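Same chain, two partners: chain A is paired with chain B first, then with chain C.
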Partner chain A sequence: MNYQAPVKTTLLEVRDLRTEFHTASGTVTAVDGVSFAIERGERVAVVGESGSGKSAMAMSILRLLTHPGKVAGGEVLLDGRDITKLSEGQLNAIRGRLVGTVFQDPMSSLDPVMRISKQMIEPIMRNLRLNREQARAEAIKWLGKVGIPEPERRIEAYPFEMSGGMRQRVMIAMALSCRPQLVIADEPTTALDVTIQAQIVEVLKNLTAEAGAAMMFITHDLGLVARFAHKVAVMYAGRIVEFGRVEDIFANPSHPYTQSLLGTIPSTSMLKSDRLPQIPGLPPDMRYPIVGCAFKERCAAAHDRCLREAPRLTDRGIDHRAACWSQHGLEHGATLKVERPERTNKPFEPDGSVVVELNALWKQFETSRKMVVKAVNGVNLRVHKGETLGIVGESGCGKSTVARLLLGLEKPTSGDIFISGRAQMVFQDPASSFNPKMTIGDIVAEPLVVRAQGNKAERLEAVRRLISQVGLDPAFAERYPHQLSGGQRQRVAVARALALNPSVVVADEPTSALDVSVRAQIINLLVDLKQELGISFVFISHDLLTVRYISDRIAVMYLGEVVEYGAAEEVFADPRHPYTKALIDAVPVPDPAIESRRTTTPLQGELPSPLNLPKGCAFASRCPMATDRCRAEKPSLPNHDLSRQVACHYAH
Partner chain B sequence: MADITLTATPVPKAGLLAAIAAVFRHRALSSAKVRLALLILVPILALTILAPVLPIQKPLETNLRAMMQFPSIEHVFGTDKMGRDIFSRTLAGVQVSLLVGFSVAAIALVLGMLLGTLAGFYGGLIDRAIMTVVDIFLAFPSLLLAIGLVSVMGTGIVPVILAISLADVPRFIRLQRSQVLSLRSRAFIDAARTVDASQYWLMTRHIVPNTIAAMLVAASIAAANAILVEASLSFLGLGIMPPQPSLGNIVRDGQTYLEQAWWISTLPGVVILLIAVGLHFLSDGVRELLDPRSR
Partner chain C sequence: MAEYTAKKLAQMLVTVLGVVTLVFFTLRLIPGDAASAMAGDTLSGEALQVLREQMGLDEPLLTQYLGFLRNLAVVDLGETITTRIPIAELLLRALPITLSIALATIVVSVALSIPLGTLAAYMAHKGRNWLDNGLTGAAMIIDLMPSFWTALVLLLVFSLGLGWFPASGQLNWSDPWALVLRLALPVIVLSLSQVATLARITRTAVLEVLNEDYVRTARSLGWSELRVLFRHALKNAALPIATVVGLSFGNLLGGTVIVEFIFTIPGVGNLLIAGINSRDYQLVQTLIVLYALLFVVINFATDLIYKTLDPRVQF
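== the complex of A and B ==
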């Protein structure tokens, strides 16, 4: 990355920050002595698993912690002034004026009963000392800069009249409109589609570069880090374990945790037969004091000293520090743990028989105002035995509706669904897909009980077998969902889906609620099951790297239609539909060297409303190469038997 | 993977009885609110049960030689204008109160859960039919409604119970329906539907067990409220008719003599207050214990 800071002056310096949460079950030290500095014009990414203290750290800087959190010590110097000593009133003047904040959830961060104008104009008037007209002009200017179409009109909208992507852009415009010197963003694009994310990232990049503001952003997406950050802080168990320039962190990670994190992402060069490396175990319980290095239980390179003494950050190069006793972290060769389960029977060989067939499937919903939402418009798809079909597309493209149709949760408006055998589901959010009042054993046994299969003893046996099949201890049967971690719950969801020996398992975003390290475990599990049991999978996700890794074939959906279909490798290597190209372009690759070479022109605009579909090609309104023919005449997928299909007039 | 230790407290199992049992198994007594509630309610309950064997005058027995006496060891709460023992009458009144309170709570709970579940789960015509009636009932203040119903059905314990429960059931239906509506769209209902679970199964295994906690809390508040409404009705001369004692009609009797014998009204009034406060603390404590996330 050819980045040069104009003048190297420190804007924010955090020294030995400590944050504690006093809960009934003990004091949790969420941030345990964090020190770092951000220079003007610099973008620093903070990465780490959930619970690593990254959000608590960001909130502590501005003292925005809610009860029972409390900053227990340390200094935060903003432009040389220690803001931990300020009163709430003085601090309020700094929040907004000097420091802007963007939170993760655009749905709840704007006041739903206030027009955008009211929410934006008053802070600008107060902070920049402008009159109402000037402030309004300023607000409109910023809305335009973040890519809100027709900002003069949109400024009078209420938040509910805007989509999530729009709202997040409004949040960003609000954070930037008072010309802060520092922007703190907590997962600013996590809730958004990759295409919208790419747009917003470009906006933020340009804005920080123009205004010289510094930025600290929290994320778990390492691709985004590679695309966006100058420096990276890796957090684990409340501490920074590695800090450095983005190129050094990716090319030369020194801490075993950073090395493991980078290893768990499916890379583009990876072979399908390789298993994803995974980080074993779970982060430590922060209620108890940690003796030695916090990462020792999960580290392959841990030795005696790690058990006794916690390493401090030491220099590993220019601007590069890591907290590990060994100079290079995991040594080469003895790198990451790649578990391979012992196989009892030989892997399943696909025989080409069709398990799922969707023929001319249509689904329309009627809204309360008698309008028709066209969710799925003539989809033809096939899934072969033992094969994984990945369905990708932006939210609202109809991929989840296809899943619900497949499972019989919705009735198609027209068309037929053929499934040989049974379809089962693994849901997105394992927290809400279980009845909180049922034990894990009851949850896994439910399909058997409902179908009256076996007697009580046989079912108990089946439950134990299923739970061990997904890599959990059968003792988990006695527990309740809230006593399990996210990854464990998702394993249980898989066990339950397997109870009725399904021929196809539909997984709708099964890994998006999980941390990167756990995600690899679940993906490996699904791949193993596919090979062992010959089950077919329909894998729905917006995480294109994961879909590429796990799928044999891919269907790209846009506005309820399949616009491109083919073998996963081919579609990714040579996307033919302009939409597929745009999607793949929008996905940040976790490699700063590649990212700095890419010139991305993000897809503009958003998905058109499914209430009134365009007459011609659905994608024409956003397509860079659309012609009059595209707007008048609808391209269709050529022949459903071809192994590669593209619905575009101009695809070669 | 088994590196998460089981937390020490068991979680309520599905089912009403199991849920109640769970509350008492796990640290019910460690909640300050529950302790305070039991400290108030247990002695009152014990005295009420033991009333027949206590060495006190019978509630209906008169003693014209000891009228309007100030509280003493012999007559703990004093006597009224006919020389009846107020303490004994108060205990008999508490018996009536508790009977009314718990009957109303039970009727409202059962009918509310049944109709609310049906309305929320099936929607459509069933929902509209049930909710129209509910909305009409909810348009009247519950005390006024109870007064109206009692004046139609007559006085006595049974009409009072029926009147108060009828006034309470709509609120229970509403609460249950709203809970069912939000549960119905949860992913675990979809998960059960993908294995072809019947509607009966969905309602009894997934929906109802997740509504019990809130309904029990509502029921305990309704019990406290019913006791107050019964007292109000009896005070107005519409509920339990003298000479049968009820807290409300004892207070009413004493009202005329407030200046000469304040204890006739005041002491039973204090008992009403204690029962109401005790039940409110109990419901609050139970709510906290039933919520697995509050621990």
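== the complex of A and C ==
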């Protein structure tokens, strides 16, 4: 008889994994009975909000958790061997060798006082049993593969001599150089720009596929999931609530949480007048035991049974499981609560008057070494009353400097700034812009105190009005910043910005520190305020989908210049500058069908140094269609008054 | 590098000059002078005046100040005003003793505190806090005890009570063992507070580094805990530790004055006390300049060490 052993294809199997954090305020069960499997060569995305336990789960697999985290139960079978039973020494033979890891923040994940060569070569020597010379050649080969120019020279660099994108390439080269069978990537592109993110994702995808390695990819970006994954695990409150093939998850999500998450992303087909669906409430406090389904408070389909009993994962199709008592999750049509506050006055109608005007704005900084950083180079922009101007571009393009100039935090080198009324600011990270020792009420009242407006009673009244205006209970005035969630803190930041009745609010990445489900709440709030109060917004972000949704007009910046300007819909539907095209191309669309059809050729290279700008077009060094004319002659933006402006010789 | 050194040297010169000036004029603010201190109640007004002229104390302050600077510039330390002994000669005998005490203290305290602090940090990192708590408690108690008090207690118990260490007597460079016994107690007194400070700094620095992402990276590459601790954690933690070791040298110099006095050791500290008591301006000024020089040189050395440890710091 011709007996053939079944081909064993499962690489990693996790069974009932439990991870606990023993803290002073109680035991947090960060991972609560997680089971799933990864086949050889398969890419599995793990998605979830912060606190959902996705990172803790990934770190538990290799026991990389530090105190007070501890794996409390379950099995992790790697190639059939339970690695939870291994000693530290045995585990060290697996770490780096069979399982490579790429972490989130490339700026801090490499040892700052060690050369790249030292950090890369020794693991290769140990794991692949090569001598120093061979290991060095191997390291250089991998640095070349991940796209580091001149790897023979760069291998002797220190991490601080490299950009974030380059460091993340080094991390990937380190993780892949020992030929692991599994790569665990924990939010590997979250800290990077979209264009760099697109490059890194391509590198990871191609190189793991080439080596036949499987990958566990942790992310909160559903667009990346669609571009990248074969299968998806959705985590909520320490558990996997849905698991399945990427097409099934996006086309037929069956857990209400997955359905809601997908609904909160501003889609390209969405109309401006549509409100962004938002998930109400917050994830549960994991310090307390959860009775019933963890999502019940935020779920429109919750019923009696959900309150009493936690659902287990059950089959919903081939390779598709979800943990919900109702078969299809939320009823079709009633997908999400679209909350709309009651309108007291009529929505504001833009009348075309100009609130902010920047004329030929230049800003140069001098470094300690007498070099000149040209941060903003001749920017002309207008913001109309009651409109939102979105500014997009990679980090270092000067968008934040424009914001600081607008607010008067920096003095322009030359040019004029005209503001009718007052400009206020909302920062990316509200936690660090609040004094932790002040109550929310004091924080909101601070601008009034500084300007000596009103007496104490009037200020108190104003604070209550402002806090309820941003959708919080006025009782929050008594609380302290640490008692609030990230989304609530950002609401307070908005309230503080509104205190002095500004005509324009500058918001610098106001949603990028927030989770997807909370992000929609803040965006809706800003849209409401714009319509109700007729305030103008300058919205600075690298999240192009959000900018598209919230902005009336968009300015695309590159190396301190505006390269394209126009109505948001037009710019996105028909980008004319090659840079705008590349930016929009780099954004992953949360739809695997579209992503699989797209052939992405990510923008090559990185932003040139603003210390010595090229003579011709600033974008020429990375532009796929650059000619000699572009390198010699600088294209300028046409007339200030045109509603659509493109700085390119070849744009029509 | 050359530019950096030149700049740093200029800064050091300014610092020392500032100290010299400050000390020169504040010394003169103290009531009484060398002549009156030497004479006591025995001399009349006129005789005292003669003594002043002999000592050069009758000249205008500015002339005295400029003269002092001129002599410093050509490394002429001069003589003590009261006893007419060349100061260079005094220093030649006293300085090696004080430097030995200071160096021994640094070696002992670094050798004790870095392993202790690292171990405490590592155990705290793993959730076992007893060594950490013990260390913090002990350090607090040591900080509460002034070093002159500790010195007296040790002197009473170990020298006068148990007789293990000599409490007085000549320092004999040709008999190393006797020298070690003679200097042991002063070094222990000074090391106590140094260890308390350094162990805590080391503990904090290492604990912080252990939570850094690159330590997790090293673990994810399969390196053993020992290697992670020494190659990554301690190497990075060495930066703040080196800074504190350099800074604590100032405290240490102050400490030597106290222990030398209590253990009657003929070092620079005792010279200083004698100089102050006899209002010997020349001696006190010279010693203060010496202390200031030592201090800036050590700081400069710390800077250099820091720069070799951390490639991110540019010259």
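By definition in this document, the second predicted complex is superposed on the first by the 644 of 652 C-alpha atoms of A that agree within 3 Å, B and C clash if a C-alpha of one lies under 4 Å from a C-alpha of the other, contacts with A are read in each partner's own complex, and residues count from 1 in each chain.
Methods note: a contact is a pair of C-beta atoms (placed from the backbone, for glycine too) under 8 Å apart; a residue touches a chain by one contact, two chains touch by 3 or more.
All values derive from a computational prediction rather than experimental measurement.
Undergrad: Regarding the shared-chain residue A:112, is it in contact with chain B (first), chain C (second), both, or neither?
TA: After superposition on chain A, A:112 lies in contact with chain C alone.
Undergrad: Could you say whether A:500 touches chain B, chain C, both of them, or neither, answering first, second, both or neither?
TA: first
Undergrad: Tell me the contact category for A:408 with respect to chain B and chain C: first, second, both or neither.
TA: It touches chain B, and chain C stays clear.
Undergrad: Quick check on the superposed pair: does A:632 touch chain B, chain C, both, or neither? Answer first, second, both or neither.
TA: neither
Undergrad: Please indicate which partner A:291 is in contact with in the superposed arrangement: first for chain B, second for chain C, both, or neither.
TA: Touch partners of A:291: none, neither chain B nor chain C.
Undergrad: According to the stated criteria, A:360 is in contact with first (chain B), second (chain C), both, or neither; which is it?
TA: In the superposed model, A:360 contacts neither chain B nor chain C.
Undergrad: With both complexes superposed on chain A, which partner does A:126 reach: first (chain B), second (chain C), both or neither?
TA: second
Undergrad: Of the two partner chains, chain B (first) and chain C (second), which one does A:92 touch, if any: first, second, both, or neither?
TA: So A:92 only meets chain C here.
Undergrad: Does any part of chain A touch chain B in one structure and chain C in the other, and if so which residues?
TA: Looking at chain A, the two contact sets are disjoint.
Undergrad: Write out the stretch or stretches of chain A touching chain B in their complex.
TA: Result: residues 281-282, 404, 407-409, 423-425, 427-429, 432-438, 446-447, 450-451, 471-473, 475-476, 478-480, 482-485, 488, 496, 499-500 of chain A touch chain B.
Undergrad: What part of chain A is in contact with chain C in the complex they form?
TA: Its residues touching chain C are 62, 64, 66-68, 88-89, 91-97, 100-101, 103, 105, 108-114, 123, 126-127, 158, 160, 171, 174.
Undergrad: Spell out the residues on chain C that touch chain A in their complex, using ranges where they run on.
TA: 125-127, 210-214, 216-225, 232, 235-236, 239, 309-312
Undergrad: In the complex formed with chain A, which residues of chain B make contact?
TA: 1-4, 6-7, 11-14, 186-188, 190-198, 201, 205-206, 209-210, 292-293
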